[in-house]
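Two complexes, one shared chain (chain A), two partners (chain B, chain C).
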Partner chain A sequence: MSGKFIHYFDLLDVYVRSSVDVAAFGFPSPQLRFFSLRANMLFFSYFKDLVGREVTVELKNDLAIRGTLHSVDQYLNIKLENTRVVDQDKYPHMLSVRNCFIRGSVVRYVQLPPEGVDIELLHDATRREARGG
Partner chain B sequence: MATEEESAVKEPLDLIRLSLDERIYVKLRSDRELRGKLHAYDQHLNMILGDVEEVVTTVEIDDETYEEIVRTTKRTVPFLFVRGDGVILVSPPLRTA
Partner chain C sequence: MSWAGPEDIYLSTSLASYLDKKLLVLLRDGRKLMGTLRSFDQFANAVLEGACERVIVGDLYCDIPLGLYVIRGENVVLIGELDLEREELPEHMTRVSTAEIKRAQKVEREASDLKGTMRKRMEFLDFD
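After this line comes the complex of A and B, so read on.
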């Protein structure tokens, strides 16, 4: 095992992590981008890679909204498009809402599409985060 | 490099790190419980669980007899992101089933 190689790799990691805007480096693969983001940004980066997919967001007041993930920020605030309330009979006043911003703190669950979950990638990113945070 | 560090439990979150890819039990606020495979977590206890079973316990009071009726509602979800602020406790791999 080459100690030098590991050392170099750690340096590279620190260098990338400390960069303010990783996206500006224009990494070609989303996987690289996913791994190279700063510590404690695991779920932020995960949700960023999920943009464009259908998710169901369940709120702490039991309202469940399904829609296309438009964007997400560091607080895990979420913007959904083409939204529909899962239980429309119970919440008819939400019928006309087509786009919405959801404050991260009111989210209880987000149901994820199985094709949007790369288990190996998540495990690696979690171990990395546990080490760094 | 850090093999002895990786297996030791030095701080509470280490226990959860060792539960990665194992089925765990999570107790949440508002009488909710989850059982599922832990795929990711962070220091807030935000988590991604797989093959999740959620059990919601509700207590209703009978109008006439004032008896408490305990109901549990179960459902399963393939993959679930759980926001950490609702988490009360996380218990490592279930020995049974």
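After this line comes the complex of A and C, so read on.
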């Protein structure tokens, strides 16, 4: 448990450091900027850990797509591989789509494999965030 | 979706790996555009060459040619790589002319409008 915990924070710190110059200028105050960055980074690093797993992404237009998580970025845009639409008959145009890019802003839910969720880990990470690292 | 070097475009979330490929772009209003991706940026603004809109009404479909399209990123829902090996649409669907699909679209719209007004009139019955 503790081994995995450290692993998560290493991840988080690396991402924060590497993307500060890229992502930072969008936020108003330095404190808010730092906090938002960390708060965003938490889910970013969380999703990064889920790469390679099978997930179902439900979009705001009710389209649900199942596929292997290929990659995620700081906007939580998602790339899926070997996709199939859950309700195939309703969306025939999606039949020939194998790989796709989903814009983060249109995602409603990401359904994860049960073993992909470590509640305690996330919980701890969130508390640490709230305390300010 | 940051810019990536040539060696890691296939690992990153960037659209770079989709450049010059035939794609299906799903828009927020439900429209489906097909075309070749020529350019993009971090907002998922995209340039599609040889774009056409695929209109599907029931079992009928039609590709309406549009030309070169610049799509504003906020309207993009999904960008899918089209697998050219696979059947594009189920077999029972038939391709029709632009005029025919427009007609079918109109009929469908009128039917749904009618359903809406009927429902409104029956609202006092309070069914659900």
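Quick note on the criterion: the second predicted complex is superposed on the first by the 92 of 133 C-alpha atoms of A that agree within 3 Å, B and C clash if a C-alpha of one lies under 4 Å from a C-alpha of the other, contacts with A are read in each partner's own complex, and residues count from 1 in each chain.
Just so it is clear, a residue touches a chain if its C-beta (ideal position, glycine included) is under 8 Å from a C-beta of that chain, and two chains touch if they have at least 3 such contacts.
Nothing here was measured: the structure is a model prediction, and the numbers come from that model.
Applying the stated contact rule after C-alpha superposition, one finds that A:69 touches neither chain B nor chain C.
Look at A:85: by the touch rule set out above, it reaches neither chain B nor chain C.
In the superposed model, A:105 makes contact with both chain B and chain C.
Residues 105 of chain A lie at the contact with chain B in one complex and at the contact with chain C in the other. Those residues of chain A whose C-beta lies close enough to touch chain B in the complex are 6, 40, 42-43, 46, 60, 76, 104-105, 107-114, 116-117, 119, 122-123, 125-127, 129-130, 133. Taken in their complex, chain C has these residues touching chain A: 1-2, 11-15, 18, 24, 26, 28, 30, 32, 44, 54, 56, 73-74, 76-83, 86-90, 93.
If you check the complex, the residues on chain B that touch chain A are 1, 13, 17, 20-21, 28, 30, 39-43, 46, 48, 50, 77-83, 85-86. Chain A contributes residues 22, 59, 61, 63, 65, 70-75, 77-79, 83, 92-103, 105-106 to its touches with chain C in the complex.
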